[in-house]
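Next, two complexes with chain A in common: one pairs it with chain B, the other with chain C.
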Partner chain A sequence: MIQAIAFYLFAIIVIGSAAMTISSRNPVHSVMWLILAFFNAAGLMVLVGAEFIAMLLVIVYVGAVAVLFLFVVMMLDIEVAQLRAGVARYAALGLALAVALAAEILIGIGAWSAGGLKISQRIAPIDGNVPNIQAMGQLLYTRYLFVFEAAGFVLLVAMIGAIVLTHRQRGGVKGQNISRQNARRPQDATRNVQPPVGQGVQL
Partner chain B sequence: MTDFFNHTVGMSYDWAWFVATIVGILVIALPLMLAVAMIIYADRKIWAAMALRRGPNVVGPFGLLQSFADGLKVFLQETIVPAAANRVLFLLAPIITFTVALIVWAVIPFQAGVVLADINVGLLYVLAASSLGVYGIILSGWASNSKYPFYSALRAAAQMVSYEVAIGFVLISVVLWAGTFNLSGIVEAQRAIYRFLPVNGFGFNPLLFPMAVVFLISALAETQRAPFDLTEAESELVAGYQTEYSSMSFALFWLGEYANVLLMCALNATLFWGGWLPPIDWAPLYYVPGIIWLFAKILFFFFVFSWIKATVPRYRYDQLMRLGWKVFLPLSLFWVFLVSGVLMIHRVGL
Partner chain C sequence: MDYAANLAMTLPEVILGVGAIVLMLVSAWGGSASTRAVSWTAVAVLAGACLALLGPASYGGSAFDGLYRADAFAAFAKVLIFIASGVAILLAPDFFQRTTGDDLRPEYPVLILLSAAGMGMMVSASDLLTLYVGLELQSLAAYVLASFMRRDTRSAEAGLKYFVLGALASGILLYGISLVYGFSGTTLFGGIAAAYAAPHSLGLLFGLVFVFAGLAFKLAAVPFHMWTPDVYEGAPTPVTAFFASAPKVAAMGLAVRVAVEAMGPATDQWRQIVIFAALASIVLGAVAAIGQTNIKRLLAYSSINNVGFALVGLAAGTPEGVSGVLIYMTIYIAMTLGSFLIVLQMRDDDGQPIENIAALSGMSRTRPGLAAALAIFMFSLAGIPPLFGFYAKFAVFDAAVRAGLFPLAAVGIAASTIGAYYYLRVVKTMYFDDPAPAFPKGNSPVEGGLIVLTAAFVSPLGYLAIPLLGGWTMTAARALFPAI
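== the complex of A and B ==
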């Protein structure tokens, strides 16, 4: 009963906020709707018992990705009218994508109603009693170890690539020398003088 | 409590659970509000004592009712929304800050078995909720449509994102040692960590003690307490993201901020200093209820927070970023390797 109420609540909010993400006029509002959608998707994950995925969804997407989105969008001075002008140009492409996605959903539902996947047909069946994190760890670090490490390498390469692309050495820039800053004492910077009356201070 | 509503009152299990959860939320949230009011008073008193002043001493005996007087005053004021502000987000921002500060308390164990949501991913939930905290501040800065709040919001966002990384790695080393993400499990794993020395708490482990220090400092930065309070540096940014706020929306920021500080003290106590366990594993100490030990530890860490606020000058912004990215991040990352290596040798052998 409560599960059903929660499911429909989360599902309706996900769909509604996803629609608002693409239809709201203000880009910052769009990002906020997107965050709401992420959040309720995490709620749906909790309902199906995948609490680890739900928490990761919130930490990664809401906590990191959406913050960066918001950062960029806040800084931009976006003209809504300009954005509106682009809609007609990309309408055909958008429509094609929408049709493709709708077809995928329909095919998925069709396959499901033709007979859902049996648990025994899962590629890597796990014991139902172990917690989420343990189950994922057991699979990731035993059966899929090499795939997992390959994914790690791809991410590492991407990270190094991003650093190489954006890092450039410019001449004529004064860098900070932290150890020199820390080694500086008041005696190095100030000097007590007692100037005689009527005479200035020699600097 | 679910059992009480299920069997004694005679509701169905679903509704008994629902009502029990609502009651549990109220039992945690309402005293928390009271605690926040009193802790603001305590903060001002400690700060005043260290500056050789009296602090609040007019309203009520010893000024005890000062916070309530302030609350009443703020409640009666008019909420002013600047004409250029984005009205909805402007009013939403303090609510987000306040809510996020409250929801994490759901997973804090107050005593053995006394916890609102005893979930397997408790610590991840804490991380997830604390990563939401930044939204209240970013939105308030942007929605105010004013330059000082906006600067402050940018600083806050960069600061919180930076220190969250270090906190994440610190938490991973704790989780590795405890072997669970469940906060009650982590507290239980801290019982009598040595055979020869009866102490409860990972902080007494010399390997994990540096992480306790890193966590304490990162917690200061995460809650924007002094010396990392650059987001409301009054000499540069007026009052930071709170500049345009008045009345209840301002009060919500304050309540949220102090609830967050209390939360970080509670996390410090729970993750490193044994939570509701007494600090020394000695039978007579267990006669004191666990919740008293937890509160004593929370108050001790709050005193440390106030002490730091009263004595340490504010960091420069580049120093803050350097500490986060160049000192804490490599240190905590190295510590994850160190802790997992020690655990491997300890449990599996060379």
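== the complex of A and C ==
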């Protein structure tokens, strides 16, 4: 009972916020609605027992992707009227895509009710009582340790690459030198002056 | 098996990884002033990784629950990869100094080390995950290296083009991998081979086609070759020399291992793909090279052509064929590195590189030694006896004939005469045309020494190495065929 209520709650909010994402006038509001949709999709994932994917949705999509969207949207100067004109221009293409997606869903449901595709058995089926985050963690840091470490190297290469290709030394920038700041004594930085009455301070 | 034994088998990659991290720290603090020290240390790290192959890394068998295979095949390919990477590191500092006027940044040797670690994983992969992660480690470093001269628009274009098309290739490969995994239920090569041996659905064959398409992309075999000329032309010359040598060996080693170890029972299926790619590469590589006026583009088409010949050996699908592929790749990297070393000598008085073939005119009179070396490389690439390049072609065609692939061998040999045309045209330009302005003399003992060394290897002197080379490649090939 409680599952059903939670499901309908999450599902309705996902659909509603998705509709708001494409219909809202302000692009920043669109991104906010998108984040709400992500959160509720994560809730749906928890309901079907895929808590790892739920975590990923929140961490990766809400934490990184949506924030990135938000930055991009805030930096762009988006003319809503112009976008509206675009909608009319690409309506036919969008409609065709929507029809294709709907057809795929229908075919998928039809094939599913006719019985699943016969693909191979899993070599190592997961024990139903182990939560899937735990199952994944156990494999990731033991059996697949080698590949996991290598994936770390891939990220290191990406980082080095980004710095090599974009970093440049710029002149005329005031950098902070903490040891020099700490070594500075009051007598070097300040001086006592006694300005005569009626005159300002000569700096 | 405990971790110490596993790590001993993966020692070459461990050495490269740790070396790269340490050198990264050195270069972060040292800046451009440390480039030469970092470069020489990186070469020492590569030599250390080669030495590590004397240990369990060359005979240990399976490590990390079957993710990684340490055998003679991997060890042979790794020696070639590490040598080619070392040469690419040694060539770079002078080139960048001359061309840009600035010191080379020390990240260059670090990226080559990381790329070499990825290539080591590729040739040792016995699981689809290791295959993919190794391939990405190699490719990602290569994308950065291609656009290392970031002020140069051609270099930036090369990097971008390589990245976009490489990402597409990775997508195709991953799609194939997901199909293979879905229909076989495992990512281990042994398990996949068992799935192919049993009666299987069409899905597995679809997976095979996509995996081979992705690998052909990385090998630059026709019809997935179109990125090669642009990337080779735009990338800085030492990087191009690297692309044409080490990653080719790694991709070829990977293709051989996947074909034989994972998809061995489906040999009849992948043989058609490999034969098509081989013939198309040989013919297109030869025909398209004829019109080229840029020496780097010419060598790019030459590399496509040569990959075709090496694939002839793979099409045989026998230990002799695999041994032929290894012999071919060994001689090929010597010829290619030698040719690019000569391209590095082509520069004007300001040190700016010249890439026009016409600039080679009459080099036999202005720089007779250099002209003779390039003539040796060109004759050898054309496969003209008595040079060593002939033996490479002989080894792969011999294996193909023994496997009963007469039409493939006949068409391949006929098409190799088309290839001879453009190689000989370079020789003709050097020896019979009126002299163009001479290139200034190089003063780098490293480059001169490497030219002499590679020229000696591909000259008839190389035949002295055949008993040794034949023995090693045969041992390496047998490691993939446990049943024989």
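Assume the second predicted complex is superposed on the first by the 126 of 203 C-alpha atoms of A that agree within 3 Å, B and C clash if a C-alpha of one lies under 4 Å from a C-alpha of the other, contacts with A are read in each partner's own complex, and residues count from 1 in each chain.
Assume a residue touches a chain if its C-beta (ideal position, glycine included) is under 8 Å from a C-beta of that chain, and two chains touch if they have at least 3 such contacts.
None of these values were measured; they are calculated from a predicted model.
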TODO: Give one of first, second, both or neither to describe whether A:64 is in contact with chain B, with chain C, with both, or with none.
DONE: first
TODO: In the overlay, answer first, second, both or neither for which of chain B and chain C A:87 touches.
DONE: neither
- [ ] Quick one: classify A:35 as touching chain B (first), chain C (second), both or neither.
- [x] first
TODO: Go through the superposed model and pick first if A:114 touches only chain B, second if only chain C, both, or neither.
DONE: neither
- [ ] For A:76, decide between first (touching chain B), second (touching chain C), both and neither.
- [x] neither
- [ ] Give one of first, second, both or neither to describe whether A:4 is in contact with chain B, with chain C, with both, or with none.
- [x] neither
Open item on the list: Just to be sure I read the superposition right, which of the two partners does A:189 touch: chain B = first, chain C = second, or both, or neither?
Closed with: neither
Open item on the list: If we overlay the two complexes on their shared chain A, which of chain B and chain C does A:197 touch? Say first, second, both or neither.
Closed with: neither
- [ ] Could you pull out which chain C residues touch chain A in their complex?
- [x] 6, 10, 13, 17, 20-21, 24, 63-65, 67-68, 105, 107, 110-111, 114, 117-118, 121, 127, 129-130, 133-134, 136-137, 140-141, 143-144, 147-148, 150, 159, 182-186, 191, 195, 201, 203
Task: Of chain B, residues touching chain A in the complex - done: 14-15, 17-18, 86, 89, 119-121, 124-125, 127-128, 131-132, 134-135, 138-139, 142, 154, 157, 161, 164, 181, 318, 322
Open item on the list: Considering only the defined contacts, which chain A positions touch chain B in the complex?
Closed with: 1-2, 26, 28-29, 32, 35, 51-52, 55-56, 58-59, 62-64, 67, 70-71, 74, 131-133, 176, 178
TODO: Show which residues of chain A lie in contact with chain C when the two form their complex.
DONE: 118-123, 143-147, 149-151, 153-154, 156-158, 160-161, 163-165
